[in-house]
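What follows is chain A paired twice: with chain B in the first complex and chain C in the second.
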Partner chain A sequence: MKFDTIIIGGGLSGMTAGITLARAGQRVAVFSTGQSALQFSSGSMELLGQLDGQNVERPTEAYDSLPAGHPYRRIGKAKWLDLLGRVQPMLSEAGINTIGDSSRNRWRLTPLGKLKPAWLTLDDFATFTSPGKLPWRSVALVNITDFIDFYPQFLAPTLERRGVKCRQESVTIPRLEKLRQSSTEMRAPTVARLLDDDAIRQIAGRLNVIARDVDALIMPAVVGLRDDHQLTLLRRLIVKPVYFVTTMSASVPGIRIQMQLDAYFKKLGGTLFPGDTIVRAEMCGDRIQAVYSVNHGDEPLEAENYVLASGSFFGNGLVALTDRIVEPVFGLDVDAPGARAEWYKPDLYDAQPFMSYGVRSDDSFRPSASGKTILNLYAVGSILGGCNPIKEGCGAGVAMLTAMAAADRILE
Partner chain B sequence: MLTKGKEYDVIIIGGGATGAGTARDCALRGLSVLLVERYDFTAGATGRNHGLLHSGARYAVTDRESATECIKENMILRRVARHCVEETGGLFITLPEDDLGYQKLFVESCEAAGIRAEVIDPELARRLEPSVNPTLTGAVKVPDGAIDPFRLTTANVVDATMHGADVLTYHEVTGLIRNGDRIQGVCLTDVRTGARSEARGRLVINAGGIWGAGIAAKAGVTVNMFPAKGSLLIFGHRINNLVINRCRKPANADILVPGDTICLIGTTSDRVPYDQIDHMTVTPEEVDILMSEGAKLAPSLAHTRILRAYAGVRPLVTSDDDPSGRSISRGIVCLDHATRDGLEGFITITGGKLMTYRLMAEWATDLAMRKLGESDPGCVTADKPLPGSEPAEVKKEKKRLKGWNRRKSHVIELSTEQLAAEGRHGTMSRKIDTRDAASEALVCECEQVSVGEVNYAIDELHVHNLLNLRRRTRLGMGTCQGQLCACRGAGLLAKAGACADAALADLGWFINERWKGMSPVAWGETIKEVQLMSWLYEGVGGLTEGRRQKMDAMADKGEQDAEPAAKTEEKE
Partner chain C sequence: MIDQLNISENNFEQCIKCTVCTVYCPVTAVNPLYPGPKQAGPDGERYRLKHRDFYNEALKYCLNCKRCEVACPSGVRISDIILSARNRYSRGSAGLRDRMLAHTDMMGGLATRLSPTVNGLLRLKPVKLAMDLTLGIDRRRTFPAYTPRKFTTWYRRHAAERQERFANQVTYFHGCYVNYNFPRLGKDLVKVMNAIGWGVQLMKDEKCCGVARIANRLIKQATDAAKVNLREIGAQVEAGRDVIATSSTCVMTMRDEYPHVLGLDNAGVRDHIMTATRFLYNLVESGRVKLAFKPDYRLHAAYHTPCHLVRLGWGIYSTELLKMIPGLQLTILDYNCCGIAGTYGFKKENYAYSQAIGKQLFDSIAEAAPDIVATDCETCKWQIEMSTGLKVANPISIIADALDVEATRQLNNV
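Right after this comes the complex of A and B.
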């Protein structure tokens, strides 16, 4: 099989690269092993949330304070600013409607009742322009009856401290009652699967009663697994605004974002190979000749260019052995010490060194193997290293912006 | 709770198996009892060992007395603590690098100690235990097994309280009340709030394990302890069904014990300075030794995922200078400080092993009865089953099960989580609410812990935080190490009355504590899990902010300071 570009990894980064290239007319294939970090999305995408332990209010202004090896710095400021403007339109073309802008972070309400800086947030999620002042006098925290992955007990104190009166309510409908009989089924994606138009109409009646004397409803993100059809319906039927908070286990908004990106990519003519893993490459000098996958066996998968968007450890982009960290597909050079005692710190909440490990790459994000740059391979997203997505709140930004930057290089 | 102004017959210091067992024995013999523990039950060596139901064979050659005690207690615990015991059996294998000649001495020593030891053909050993190193040259079958120290201790505490004992966790003994040459009680500090109080008793029993040396010092007497650190690894799968030991003189990493869904390799043995016993960490070198030696017992360990590493400190009593502590007797030491040091009202029970906790409790209680001059009805703990291990009454059982599953009339068998709860709590599991879907909802998928079980533990088993909950129910002990269930547990604790900020601070700490056991083995799947865990709790949940806030009194501040000994962790 031959393509213009083959992308290894179908998470936020891989799909962004795929969409950017396919939209420019390339024949693109994405090979995706399975779950990505998107499955655990908060409903927000972060550009730059913290720097040196301090919350960042204005990400674009904080750019110059970033360390030199940070992927954003390596993109270059002018290019970075240019790419920033392209993200929201791309998402909205995929049907993912967000609010927020890169000059000023909003504040997201987390499932544990904390407030965190956020860049772009799904437009039906609870975010605020300031962490101190909230736009409501009273809200109802509405759970699905006996759904244990939503914590009104943690959300209420945060809201109440900011002067918002909270009422805790729960709703259910017959089909959810039936689901409840099985002890393992009451999870966000399963609930979302059951909440079709009919179910939404049933629930809406009950929600409208609750909504009578409050300014807004806050609910667990268990609506809209595939697209925002049910969300739109719910909002149309409810007399007051409804806001969602993500759940800590598998994230419905994350799954939705993934499905919408996948669908958009396919609509643009891209080819998606879900559940297939690229395992090895055939080199010709400094270039990759072909790659091989589990499902395609010995059939060479050829392309002009390749994009490695396989993620960090969680995505299997990096693999930690007992005495070294490797990149398993191409055997790329990895920037990480050999002694595993140096990989981590005893306090989980310290900046963990292993979180910033990645493959060594040149200014165009082309990685090297045994010191030699591979000329038609681009690394994008968290496998690049050089930043700590958790400490800096920059995971989604790095994923999308490096993917766009690499795609632009390929298109040049 | 402490009964204000009451003079107890005995105050027992230490919530490990020995302290809990002594509290039970004393309460059963009619004494009024206060049991005090600095942190949580099983926080010390009781919760940081192999969970091995020793046959005594390991000590048969080198320590006859301990071996004899072990086999006797082994047989007793099978009867009285059946819900804590798994009768797996065990093998002592000889590898090509070992001297097969040792086997003869080993078997003779076992027989002399009363331990049934049967030499079997290596081929039979391979069939009985397919995971065993196939190159073995000899094998002996012994009555080893597995025992859950958390369940065992909890059951003792439950029975002690059922017989009138008062129990205080999170209270440290900061001093002893001394009047001339007599101890009359203890000074207590609530480690969570800093509040001070006193409790008076006619007799104080020091069952503080390795920390007992410090408690004795507070009473002005000296007990020489030899702190011997032992590190272990927990694997994510149960690869063996029989306990596998090396048939040689006890050395590093030569016991592989199955337990629940996991297995454990251990231990190392190194003397540590007494002032370091609260700060045990497992070093990369120890991990490497445990892995390489473990793979000699069962080669598939080399590619089995390691869940975590932990270390405990053995409370050995010594006077000599053995650097490893392996040659010190594991025998029981029961000291009457009146005859030994001229100090009345104070006894120390130490040495021994998890296996002999009941016998230690018996000795300590015998001595207590004599010293108090009470008429002694005699010890019944060798015959009276622990709560949870009572014989099942078949008729009643059937009726109960019928009621249990009335809601699901199509279900004939118990659900997985009901079976899991029954496994953990034995007959006590009938107290767990299973009447509706809300209580049956699963909190911990790995270990099948339901909302009902969590609420039962919160109501009845002295649970104040997630760590307590884990030790009582196994919540967070499975392959995901609390990733999905910890926040659910925190949510339930907050629902049960903990203040939200305290519950969140506790959650942040619990996750960190999980990490401390994972970090020494953070490669492969484990580093992936940690990355996801950080992403969920800090990235999505925003827990860093919680950590930075000043913890309030309810948030187990004391535990945070001291249990980072949980850099190590415990048997799971």
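Right after this comes the complex of A and C.
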């Protein structure tokens, strides 16, 4: 099979590259072993949340303080600023509506009741322009009865400290009661699947009673698995504003983002190969001639260019063996120390060194194997090193902006 | 690379407990009694390895659709773990109904001989009621009709000799459905292959692929049949012939479940077992053969990818082939399980779940409003025909219909 570009990995970076290329008229294929880190998304995309242990308020102004090897620095400032302006429109074309702005972070409410800087957030989530003052006098924190991945008791103190009166409530409807027979399945996506239009109408009735004497309702993000149809319905039916907070474990909004990106990519004519893993490449000098997958066996999958968006350790873009860290598909050079003891810090909450490891690449994000740059391969997203997405809060930004930068190179 | 570090079966210890699989399980969505792939699969396995009493009979609700495996980021073969656990630990033995449903070949052989009677009987309300009450086969289910003349009989009398004329040869694994219920599909395949200059051979001895026996815990019978098939396929491969099938489920079973569930080594032949559409697509794509279609052919088809073809990752071969037909308008439906899962949907206790699972697919078909539904799986075909009233055809049959045989033969110097 022949394509213009083959993308390895269907997470946020792979789909961003795929959409950018398919929209420019390329014939694009995306291969993805399994679901991506998006399945755990907080509903917020982070651009730059922390630098040297301090919260970042204005990411664009912080650019110059980033270390030289940071993926953003390697994109170049002018290009980076240009790309920033393209992200929100791309998401909204895919049906993903966000609020936020790259010149100024907003603040999101985490499931554990922290306020964290966020760049773009789904527009139905609770975010604030400043961490000090919140826009309500009173809210109701409404859980689904017996739902185990939402903790109003952690959210309330954060809100009350900022002068918001909190009431804790719970709602249920008969069809959710059935789910309680198996408590382990009382997870966000399973709940979301049962909340069709009828169910939303039933729940809305109860919520409106609760909403009478509060300014807003805050709920776990368990509505809208495939698209935002039910979300819109719920917000229309409720007399007060409803805001969502992400749940622990698998994330309904994250799954929705993935499905919307997949659907948009397919609509643009792209081909998705879900559940298939690229295992090896055939080289011709400094160029990849074809790649091969588990499902397609010895059938060559050929393209002019290839994009490696296989993620970090989650999803096996990088694999830690006992004595070294490897990139399993092409055997690319990886920037990581040899000694296993240096890979991690014993305190789980420290900045973990392994989070910033990645494949070595030139400034166009073309990686190398045994010191030789591969001319038609681009590495994008969290497989790149030089930043710590968890500590710095830059995961989605790195994923989307490097993907767009590489796609632009391919299109040049 | 990761496999090398495993010490247990089916990548079970690669599970990172992310619950992603559960999100995509169609049964979890409709049946609160089912523990879901994570619990039924890698989580439960940890306990079952300690003691078999941890086995939960609710594992029977798994459809074996393999959607959990397609979604899992860690390569855990969840449904293989579940199937193996069912076979290893379930206490009850397969009852009469499960045995009947599982022996698609024996039942087929019997019914073919008696087909007018059997078909008539299976349509009668009192018979359906009796089967429902005595056997637990749901009375609302429409049975596929049995044919009076098996595919193999037709092949021996009318096709075998002709095949010798062709320089290129491929072997066809027809499966129970083509042989006992729907020989037309096998004839369509022979027609298409002959038109491009390829002869079609059958194996000397073909047994049921065994998918229904595996699902109904008849492992000894499944293994015996699988061994015969592997031996016969081996002989074909030895003779330089690939083995193709028009049923995606037969292909998936022989490639993946023989090693993962039955523990049979098929490494020597696995790459030579494939769907007919993959084989044909590769011939066309590599420029070795050409297809010519009737200029006046017009049809709107909606293509449904069967779960097992999603798992194989080969839906693309069927859709790319269909796209080659100029007069065909093709709607590719989103991946949704039809809910029947072979013999699963025939069982009374599963009927309602089966239809609830399929609803999304049926709705999307209604929305596309095609003339016909195309799919590579016979049980999907029964389910969709029964539930939507539309006709369903294998892509090979659509190609056979649309093909300009004379023009194709000329293009390929046949």
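We take it that the second predicted complex is superposed on the first by the 412 of 412 C-alpha atoms of A that agree within 3 Å, B and C clash if a C-alpha of one lies under 4 Å from a C-alpha of the other, contacts with A are read in each partner's own complex, and residues count from 1 in each chain.
Here, a residue touches a chain if its C-beta (ideal position, glycine included) is under 8 Å from a C-beta of that chain, and two chains touch if they have at least 3 such contacts.
Everything quoted here is computed from the prediction, not taken from an experiment.
Within the superposed three-chain model, A:292 lies out of touch with both chain B and chain C [touch as defined at top].
Of the two partner chains placed by superposition, only chain B is touched by A:355; chain C is not.
In the superposed model, A:319 makes contact with both chain B and chain C. Of the two partner chains, neither chain B nor chain C is touched by A:128.
By the touch criterion stated above, A:113 is placed in contact with chain B alone, chain C being left untouched. In the superposition on chain A, contact of A:40 is made with both chain B and chain C. Counting the residues of chain A touched by each of chain B and chain C gives the higher count for B. Shared-chain residue A:346: touches chain B; no touch with chain C. Once chain A of one complex is fitted onto chain A of the other, the partner contacts of A:274 are limited to chain C, with no touch recorded for chain B. In the superposition on chain A, A:148 contacts chain B only, with no contact to chain C. Counting contacts as defined above, chain A residues 40, 181, 184, 249, 314, 316, 319 meet chain B in one complex and chain C in the other.
Taken together, the chain B residues at the contact with chain A in this complex read 281, 284, 288, 407-408, 415, 417, 437-438, 440-443, 445, 450-451, 484, 487-488, 491-492, 494-495, 500-501, 503-504, 507-508, 511-512, 515-516, 519, 522-524, 527-528, 530-547, 567. Of all residues in chain C, those touching chain A in their complex are 1-2, 16, 18-20, 22-23, 28-29, 32-36, 39, 69-75, 271, 282, 285, 310-314, 316, 334-335. Within the complex, the chain A residues that touch chain C are 1, 33-36, 39-40, 178-179, 181-182, 184-185, 187, 189-190, 193, 249-250, 255, 263, 271, 273-277, 293-299, 314-316, 319, 326, 328.
By the touch criterion given at the top, residues 37, 40-42, 110-116, 146, 148-149, 151, 153-154, 156-157, 177, 180-181, 183-184, 186, 246, 248-249, 251, 312-314, 316, 319-322, 339-341, 343-344, 346-349, 352, 354-355, 389-390, 393, 395 of chain A touch chain B in their complex.
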